[in-house]
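One chain, chain A, appears in both complexes that follow, with chain B as partner in the first and chain C in the second.
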Partner chain A sequence: MFGRKGKGGKGNYPYAVARVKAKKAQLMGEDTYSKMLMMSLPEISRFIGESGYQKEIAALAGRYDGVDLIEHATYSNMANYFRGVLDVTTGELHEMLAAYLEKWDIWNFKVILRGKSFGMDADSIKEDLVPAGKLDQQALERLLSMESEEEIIAAYGRVANVIFPTELISAYEESRNLSELEDFLEKDHYDSLLRSIDPSSRPTRLYQDYIRKEIDITNVETILKLKAEGIRGEEVMKYIIPGGKQIDKKLATQLANAESLSAAVNDLAPLDFYDDIKNALDETNSLRSIVAGMKKYHIRQAKTFSHLYPLSVIPIIDFMIHKENEVNNIRIIARGLNSGLDADVIKELLVI
Partner chain B sequence: MPTHDITPTRSVLLDLKKRIKLSQNGHKIMKMKRDGLIIEFFEVMEKAKQMRGSVVSDYQIAMNKIAVATAVEGEIAVKSAAYAIKAEPQVEVGSKSIMGMAVPRVEAKIERGNILNKGYGVISTSAYIEEASEAFENLLVTLVRAAEIETTMKKRLDEIEKTKRRVNALEFKVIPDLLEGKRFVEFRLEEMSREETIRLKLLKSKSEKA
Partner chain C sequence: MELGLIAIGAGLAVGITGLASGWAEKDVGAAAVGAMTEDPSLFGKGMILMVLPETIVIFGLVVAILLIFVTGASV
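Up next is the complex of A and B:
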């Protein structure tokens, strides 16, 4: 179904893990977020500037201010960290991490394609790129410099080793609707991610389980989103990513065929994260609260294996998950405070 | 109508009587129209009040949802999702006639397709962005409807003002002037009739003396 080119080699685990452990020690503790909630935006900028984001804050302070500065600086910092880790790893470890970080390549590809199709100029699109994946800033700028969207798609396929089905390209050329292309990339990403993991050892099996649970969560979110729009059955199944841990094709079909959102969520009862979304289901039945519950479950899952198998891919992935989560949490606080959201709402959105 | 401009003849009197009747009928109809417009204005005002309430609540919901979406997903992701949407809302402006008055008809043609045909990927677009997008679609529909009702209300107010001026002009200027003119012509005709009678009596007495 999905086409990929090449992978393989050995990994330099001890060196990479040692570097990542030092970086992980710099991550913010859970209590830091409560402190940040009491701060103003300039105070948050200064605080994160003193907590490891100084270089990016200083570099971007001339172009952005306030909450935009915080968002761009944290993204830029995360991209520098991830690319730094990716650059020092080799072999199968590098392959696994590159496959994990491919989501940022897809993100950037979508930003470029959506921006181009909307008629945005290259400089504005460039500001929104987060080169945290396999493709660095130069590679992304090369994509951005291309004239037509078809050229961008073809070039991305070459640099990211993605083979787009011809019927998908023809459909895009006809409709100019990016949705099918984007959905294909998401499925392709998880397919290649799972294939990049060799489940022969305990740590890689744990990592694979984590990714498969992420697929479950993404699938549940997709099903609930579509159900909320009244879409059921086969139409829903088209968007299901194969390879989930607990949600197999049978359960996915069962959920997809459920009459309503309430009926669908009852089918979720046997799943691991049911306890985390139970309250949201009972009280509000809000999709937003259910998704927040699932995200919290997912980050907790990452914490459960963070201290296991020190010389494996796990500490590195654990660092990446927590770094991304830190960036997300800082942004949630900064944007939430800037928009005047209630502190309780912000706390609920934080994934701690 | 100044009385010195009037020629006191029977045909003028007849004409004045006709005009008085016409003006009084017109006054009555205009008054009825004014009252009808006022009643309708209050109905529209009630709707406008409700629409303003809906605009405020829909705006608050949309801003809250976009604030949450921007916080959770980041402004870049929200902006990027917005760029993917291809459908542009169309607003059709026309007019319809109510009580002979042209009121605007504004219709929003917003393609409120489901998530499948919005233009962005179903899998990767978060529920937060989707909820914000729906909230803004609702806000846009409410805003267009509110614009139609507000404009209708303003048009009615202008029409009431215009009708009120016409009613007042008829009541306090046109009809009194015509009545004054009629009284003047009647008086002059009576006067002329009396002069004629006296003249005839004088002629009669002269002819009797002769």
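Up next is the complex of A and C:
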């Protein structure tokens, strides 16, 4: 009667959505990015320090400066926001968000493993962690304190409920090549994410569709990037994540086998996001613009869905996508200005 | 007998509308507290939205009063 479902109930949608909507209202708008493009790096640090990033800028200003300060402060801020949202949600909603944020656990696991394999010290690795997922700072530090990479893999499997195939582990032990392990984790993440969604209501079905479209976009991005490197056919198919909405195995094979980047893009004509890619193609004909076009489409989708079902998981995911996008945009501006790129080039890279 | 039925009707009018108000306020209240946690200046708006579902139980109370004093007096 009171909306309880399963062990933790359906979740506290009204409370969590209201908090997230208030947080979303504080995100930066298009004008702010244009303003930031006119600033120097210290000015950007001060500017974001006066907006939503004050706590992180104040905490990190003694240790970093310039672009490093902006990068660490933005990631740390995003991690605090996401963990904050995760902490205030309950039940089915919490489970869905935890599954969505698992990508940051994978990110941290990769950072730890890569850092260890390159012989970096624990403090340097710790600086690059983004504890925005299920695993908090303490859990990540426990992983970091382990000596061997095998121990880290086994411990991550336990805390994140991931069962690594034994042949994958033995292949890694032989080759020390992380790519197959990373590829497995990415596929496993989307698999568990799709399994965490109960498609019994219209909003959760929309969310499931949204994730499946994200898989499509990730797959297209992978195909186009590998194609640009001259890799085709079966080699590409190894990296394709199953479960996409519009791109099935047949279309993925067709795209993987296409002669050139432009031929592959023509194969995408029946897809929803083709118009966004087409515009990007007309403008510059570059992979970077195609990827930015797809991201813009994805963000637009989230925005549309969030208005349709205000009391569902979608507005929260919409906020997370916009927050991550804001952080990426600030980092693009900071990195671009630091590298001496022209403001117009940086603007083209932004996803607004 | 008739007076007893009127009393039951009046009780149901207040009781059911009270439950309905609570049901509606559950979500409105949670959302208002959530919004206020992020932005305390939303207290006024949150308070107004919070008490709006109270009208449901007030209607129930009016119906109960009419039942007892108007219909009940004529029995």
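Just so it is clear, the second predicted complex is superposed on the first by the 336 of 352 C-alpha atoms of A that agree within 3 Å, B and C clash if a C-alpha of one lies under 4 Å from a C-alpha of the other, contacts with A are read in each partner's own complex, and residues count from 1 in each chain.
Just so it is clear, a residue touches a chain if its C-beta (ideal position, glycine included) is under 8 Å from a C-beta of that chain, and two chains touch if they have at least 3 such contacts.
Just so you know, these numbers come straight off a predicted model, no measurement behind them.
Participant: May I ask you to name which of chain B and chain C touches more residues of chain A?
Facilitator: Of chain B and chain C, the partner in contact with more residues of chain A is B.
Participant: Quick check for you: in the superposed arrangement, does A:Arg288 touch first (chain B), second (chain C), both or neither?
Facilitator: first
Participant: For A:Leu268, select first, second, both or neither according to whether it touches chain B, chain C, the two together, or no partner.
Facilitator: The answer is neither, since A:Leu268 touches no partner chain.
Participant: In the overlaid three-chain picture, which partner chain does A:Asn328 touch, first (chain B) or second (chain C), both, or neither?
Facilitator: Only chain B is touched by A:Asn328; chain C is not.
Participant: Can A:Ile317 be said to touch chain B (first), chain C (second), both, or neither?
Facilitator: neither
Participant: Touch test for A:Leu206: chain B only (first), chain C only (second), both, or neither?
Facilitator: A:Leu206 sits against neither chain B nor chain C.
Participant: Figure out whether A:Asn177 sits in contact with chain B (first) or chain C (second), or with both, or with neither.
Facilitator: first
Participant: Just to be sure I read the superposition right, which of the two partners does A:Glu71 touch: chain B = first, chain C = second, or both, or neither?
Facilitator: It touches chain B, and chain C stays clear.
Participant: Of all the chain A residues, which ones make contact with chain B and with chain C?
Facilitator: Common to the two interfaces on chain A: nothing.
Participant: Provide the residue numbers of chain A that touch chain B in the complex, in ascending order.
Facilitator: Touching chain B: residues 68, 71, 75, 106-107, 110-111, 114-115, 117-118, 120, 128, 130, 176-179, 181-183, 185-187, 218, 221-222, 224-226, 229-231, 235, 239, 241, 287-288, 290-291, 328, 331-332, 335-336, 339-341, 345-346, 349 of chain A.
Participant: How about chain B: which of its residues touch chain A in the complex?
Facilitator: On the chain B side, the touching residues are 63-64, 67-68, 70-72, 74-77, 79-81, 83-84, 86, 114-124, 126-128, 130-131.
Participant: Over in the complex, which chain C residues touch chain A? Could you list them?
Facilitator: My answer: residues 26-28, 30-35, 37-39, 42.
Participant: Taking the complex as given, what residues does chain A use to touch chain C?
Facilitator: For this pair, the touching residues of chain A are 12-19, 21-23, 88, 311.
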